[in-house]
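Across the two complexes that follow, chain A remains constant while its partner is chain B and subsequently chain C.
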Partner chain A sequence: MKKAVLFALCLVFLLTGAIGLQAQDKLKVGFIYVGPIGDMGWTHAHEVARRIVEDTFPWVETVYQESVPEAKVEGVIDRMVRRERCAVVFTTSFGFWEGTVAAAKKYPDTIFAHCSGFMRAPNLATYMADFYQIYYLNGLMAGALTKSNKVGYVGAFPIPEVKRHINAFTMGVREVNPKAEVHVRWIEAWFDPAKAKEATNSLIDAGCDVFAFTEDSDTVVQVAAENRMPVFGHYSPMYNSAPDYVVSGQLVHWENFYLDFLSKVHAGYYTSKNLENVDYWDLLKEGSVEVGAKFGMPVNPKWKSRLGKTYDLVMERIAQMSDFQMVFDPFTGPIYSRKGAVVVPVGVRANYGHLLSLEYAVKGVVGSWPGEPK
Partner chain B sequence: MKRVRMRRLKVEKRTNPSAWTVFCISLVSILLAFVVIGFIFLGFGINPLEAYLEIIIETVGNSYGLSQIVWQSIPLLLCGVGLLLAFKTSFWNIGAEGQLLMGATAATWVALFSPLPEPFLIPAAFILGFAGGAVWGLLSTSLRSRFGINEVITTLMMNYIASNIVLYLIHGPWKGETMRGFAYTDQFPESVWLPTIGMSDIHWPTLLLGLFAAVCVFFILNRTRLGYEVKVVGQSPKAARYAGISYFKTIFYVMVISGGLAGLAGAGEVLGVHHMLRHSDQVSLGYGYTAIIVAWLARGNPLIVILTSLLFGAIYVAGDVLQLSFNLPFQIVNVFTGLILFFLISSDTLLKHKLSFRKGE
Partner chain C sequence: MEWQLWVIETLRRALVYGTPILLGTLGEIYAERSGILNLGVEGMMILGAFVGFTTAFVTKNPWLGFLAGAFVGGAASLLHGFLSIHLRVIQVVSGLALTLFGLGLTGVLGRGWEGQPLKASIAELSVPGLSRIPVLGPILFTDQNLLVYIGIGLAVLLWWVLFKTSWGITVRSVGEDPRTADALGINVALVRYCCTFIGGLLAGLGGAYLSIVYRPSWTQGMTAGMGWIVIALTIFSLWHPLVAIGGSYAFGSLFYLSFRLQPWVAPELLTIMPYLFTILAPLLLHASRRLRRRMGAPGALGLPYRREEE
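Coming up: the complex of A and B.
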């Protein structure tokens, strides 16, 4: 009996040793996701990028874990570093910051990058690809399409990121159609098709006839299409969900960041000692975000004629914002909050810090706005 | 007609199965569940032996995995012990989740906003956490006693109310100044973080409270008048009334303890794990619901809850291992628990009945 146990133990150690050895040759990279990879938004987009990275760089091997609760992220990192021997770990949600910062301290030789965060360390970088310019472009189109002058927006959480997007969207709407309003409903979830459906129906009841949203399913698209109303997709190409009604949308190329970052790690340019000031804030000009109903289709051809002159305006703005000097940005003053305060003075362009901590609602936004400054 | 000699199954009633029988039957049913799960692994193209080997190495095979198991079992232990007491009274408390959240909320208030001096903060947070959970549980008790409303509905519904209170607080009055507009409270000062054992995440004060609670409830059930009343009420409220036992008084005390323990679990989670109040789905990973199974599996013995909560801690960790090492989808944990439960519940028949073969004609 004793011998058998001893034998089993030896076997266990041999096997674990073998697993450990295999991983040494390639750069092993771990991805930690906040949602299920099968959603149609945030996590799915990161997962698509992960696969592209693995296909592009033969020297990279990846592992991932999905739907990780915020409090468990440190444990997952532990296992990725200790057991899977990951040299680089990406944590892809703001809520992971506490665990990521703690892990970065615990494993000083491992490289970490935290998405949408702001706390950095010598071995911890931050990165974000932001949609506000895309939402602005979608807003221009929505302003041209609404007949009732009421545009509906289903928002996830009332946090600066989503508020920034609704504001940019509204500024676009009002630039083309100064009489139009954007009606907002919050669903308090990143992924909740049932609530998104309810919110869309309530917006329809309120008279809205064009829709945009922040939620990780295509529910809003489906409900809008059932009611024969135009809609803008979010995060994933949603053209196929309703080819007749998806006008455009927000698309992301996370691989743009991952490929850049990992190639610099591979080249020895980024190490676990020099990431203190590495912060990616990717917009149109970096090529990490794209406007479109699907990749390569900025505006659904079925809707091009309905847009009229706005189509040319959209194209012009895309060119201006894609310019590496970024000759146009929607967050340029004067911008007034709906309470009447000047939030961005004339001629000033809102900086990064302003955009990251933005709490106000611009003129034209209708609906509850938790945390609105007085 | 030709007579066939065959063996027939004989089913007899079994009264009071011994602890050993219960243990063996439960173990066999869990193992059977593992066999079925093995086929799921095969479906994913994974060698089940390899998968189980990896699970064993990463759960009970090293100190790190063990600490993860214990860490996850702490809230399950506290909630489970409380629920067991409620279930013994046949008061079907489905509301541990909400009671846990209210405990977490009360503890957060102490940690962030109370004027108490530092050394009293942690004890006060636990006491208020207990009170928060108890009050939340008692609301359902009073609805039951006043209007006769079924507690399954009220305790369940109170969970959603508690969850929305947490959401309101983190989006509204308690929203952290330092969180860049994200919906979290500020981080607690480090003086109210619970100490952990060594490098692990185990916040041992909560663990001790959990073990202490299990022993206390065991003592209450077996050595006190309340325990006697609990058993009588649980088995027959009518008989209890004839015996002069007040139903409402009994469920009042039971729910103070049951809700209070869930509240302690919540306080322990925010003080020991999160160090802040965050989205209710993140504060509790469904611990209040999982604890129902944990309590049920303990079959009426609060000390057994220590084992069953560890079992579910291990299942959680095993799920993590499977996801990372074999790229299985995250739902695998639910499939796991579902199958184990399926077999354990089915085995109940075996506990109540004895099967034997006899020669028939």
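Coming up: the complex of A and C.
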């Protein structure tokens, strides 16, 4: 009896040891999300990418934690590094930056990458897939579709990222339709269906007839569809929410970044010593963002004929911006703010720093604009 | 006329957005009138929203959805009732637990339902004839949904029951002084269970309205704090069903205006406007002497009742 127990124990030890060894062969990667993975926006898109990473690389094992409050990220990182033994940790919200920077100091041998951040360290990279070119393309279509010359935009928070997108969108609208205006309503929330709904209704009452937005649900799409008005989806493929009214939208391929980054870690090209200058700023040409009502459908076929010549322009611009040389970019001067100032001079292309800290509103934007420069 | 259009647009939206708030508030008024403080409104609403949505989705019948949503809200409220009436747990704690429970459970169960559009919503209807009344017609009788009328009707009915029937007196006396009520032979626990259940039914119905009518789809956390507005409005309404109509639609108007007025007023200021209203309104009401006498909360609100011999 005793022998049997001893044997069983030995077996257990051996097996767990073997499992442990096997696990160590894999690169363990932790993902920290700010929202629930079931939202229709940001966190969901990262989660889709995480699953693709796990399916693509047999040598990667992933763990994730969703709905992490921004102040509590450090504790979650502690757990991922110490208990889960993660070699790479991705923190996917701007608000995680303080916690991520502190953790990078505390665990110098762990590789960190912080999404949408700007602080880097030898073991801390930053990455972002930005939509401004996509918003510009959506703007071209919106400009062609509006009959009232008023396009509605429901914005989350008046921060540089959202302002950049609204400006890009407005430049698109005005390129096709110089008389059109973009009316903006802020809801001061990333996710709030009720606010998004009433903001959209207020835009309809103000005379808008085409819509784009920044909010993590498909509310704006629903309200626009109820009123039989064209709309552009945000972040998730929203074609299925209203197949007759979603003209196009902004889509992301975060896996594009994750696959690239992790394969470089796997190859030993990225280590915990050389990430100081690693900053991904992915646009159309990197393939991390896509214009479309859903993946592979840049323009809803139902709307193609209504777009007329603009359809060809959109296709041309997609090709230009997808080109490795990026022969076109919407943020090319001259760009005037609505206060009349020249914000980007003739012939100059706005650089990364300019785009990241942008506060002005371009000509054609209507509505309050907190933090607008004098 | 420009201003007429503004009034019409604002009140139309106020009715649509204010209805779930009104339903929840009416329910909470009953619970609190009987002495039960239920901070679980948010939880009951989200449970009602989720179950209402899934039921309407599967059966393709929105009315079954409303029924199921209300019933689930009621069932959840009985949980709070059991804890606070039977076990005499601190009501604040058990109500908060219910809110967290509802939000958490629906978050987990709702994963697969996210983003699926509900085809089986109820139709908007116009009342022939009445819709041609100037101002009032376009607000109340053009393309409105039936639940708006049900909400107002329920408010009147519940007011009548609470203030014009003997059962209403029973409810109020249990909330004011359960000991005396008990001495008069009233079954305090039963009355409180009934009122808590009514509160749950209406909160669940309000939640189902959100996911079936207001925004026909399910999203995690879609009540987004509406349950807390309900609790504030219960106080604002002086625990009176008819005042609740005004309170809910005033809140709805401000909510809409906080977007409509944005081109002229700073958005930060506007977003706090409806919430500021729920804080300031009771204070202003308190300043009126006549109202102050009527205003006091039910005497035994939040206090568990225990018979002396026990």
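Operating definition for what follows: the second predicted complex is superposed on the first by the 351 of 374 C-alpha atoms of A that agree within 3 Å, B and C clash if a C-alpha of one lies under 4 Å from a C-alpha of the other, contacts with A are read in each partner's own complex, and residues count from 1 in each chain.
The rule is short, and it goes like this: a residue touches a chain if its C-beta (ideal position, glycine included) is under 8 Å from a C-beta of that chain, and two chains touch if they have at least 3 such contacts.
Here the structure is a predicted model, which is why all the values come from computation and not from measurement.
Colleague: Under the stated touch criterion, which partner chain does A:95 make contact with: chain B (first), chain C (second), both, or neither?
Modeller: A:95 contacts chain B only, not chain C.
Colleague: Applying the document's definition of touch, where does A:159 land relative to chain B and chain C: first, second, both, or neither?
Modeller: After superposition on chain A, A:159 lies in contact with chain B alone.
Colleague: For A:179, decide between first (touching chain B), second (touching chain C), both and neither.
Modeller: Neither partner.
Colleague: In the superposed arrangement, does A:64 touch chain B (first), chain C (second), both or neither?
Modeller: first
Colleague: Once the shared chain is lined up, is A:188 touching chain B (first), chain C (second), both, or neither of them?
Modeller: both
Colleague: Touching A:349, do we find chain B (first), chain C (second), both, or neither?
Modeller: neither
Colleague: Using the touch definition from the top, say if A:304 reaches chain B (first), chain C (second), both or neither.
Modeller: neither
Colleague: First (chain B), second (chain C), both or neither: which does A:36 touch?
Modeller: both
Colleague: When the two structures are overlaid on chain A, which partner does A:78 contact: first (chain B), second (chain C), both, or neither?
Modeller: First partner only.
Colleague: Identify the overlap between the chain B-contacting and the chain C-contacting residues of chain A.
Modeller: The overlap between the chain B and chain C interfaces on chain A comprises residues 36-38, 158, 188, 370.
Colleague: Could you please specify the touching residues of chain C with respect to chain A in the complex?
Modeller: Listed in rising order, the residues are 9, 13, 17, 107, 110-111, 114-115, 117, 210, 214-217, 219-222, 224, 226, 255-256, 258-260, 262-268, 271.
Colleague: Residue numbers of chain A touching chain B in their complex, please.
Modeller: 12, 15-16, 36-38, 63-67, 69-72, 74-76, 78-80, 82-84, 94-95, 98, 118, 157-160, 163, 188, 356-359, 370-371
Colleague: List the residues on chain A that touch chain C in their complex, please.
Modeller: 36-40, 158, 183-188, 191-195, 197-199, 201-203, 205-206, 217-219, 222, 236, 240-242, 366-368, 370
Colleague: What residues on chain B touch chain A, complex-wise?
Modeller: Residues 53, 57-58, 61, 64, 68, 71, 167, 171-172, 175, 180-184, 187, 201, 269, 273-275, 278-279, 282, 285, 320-321, 323-325, 327, 329-330 of chain B touch chain A in their complex.
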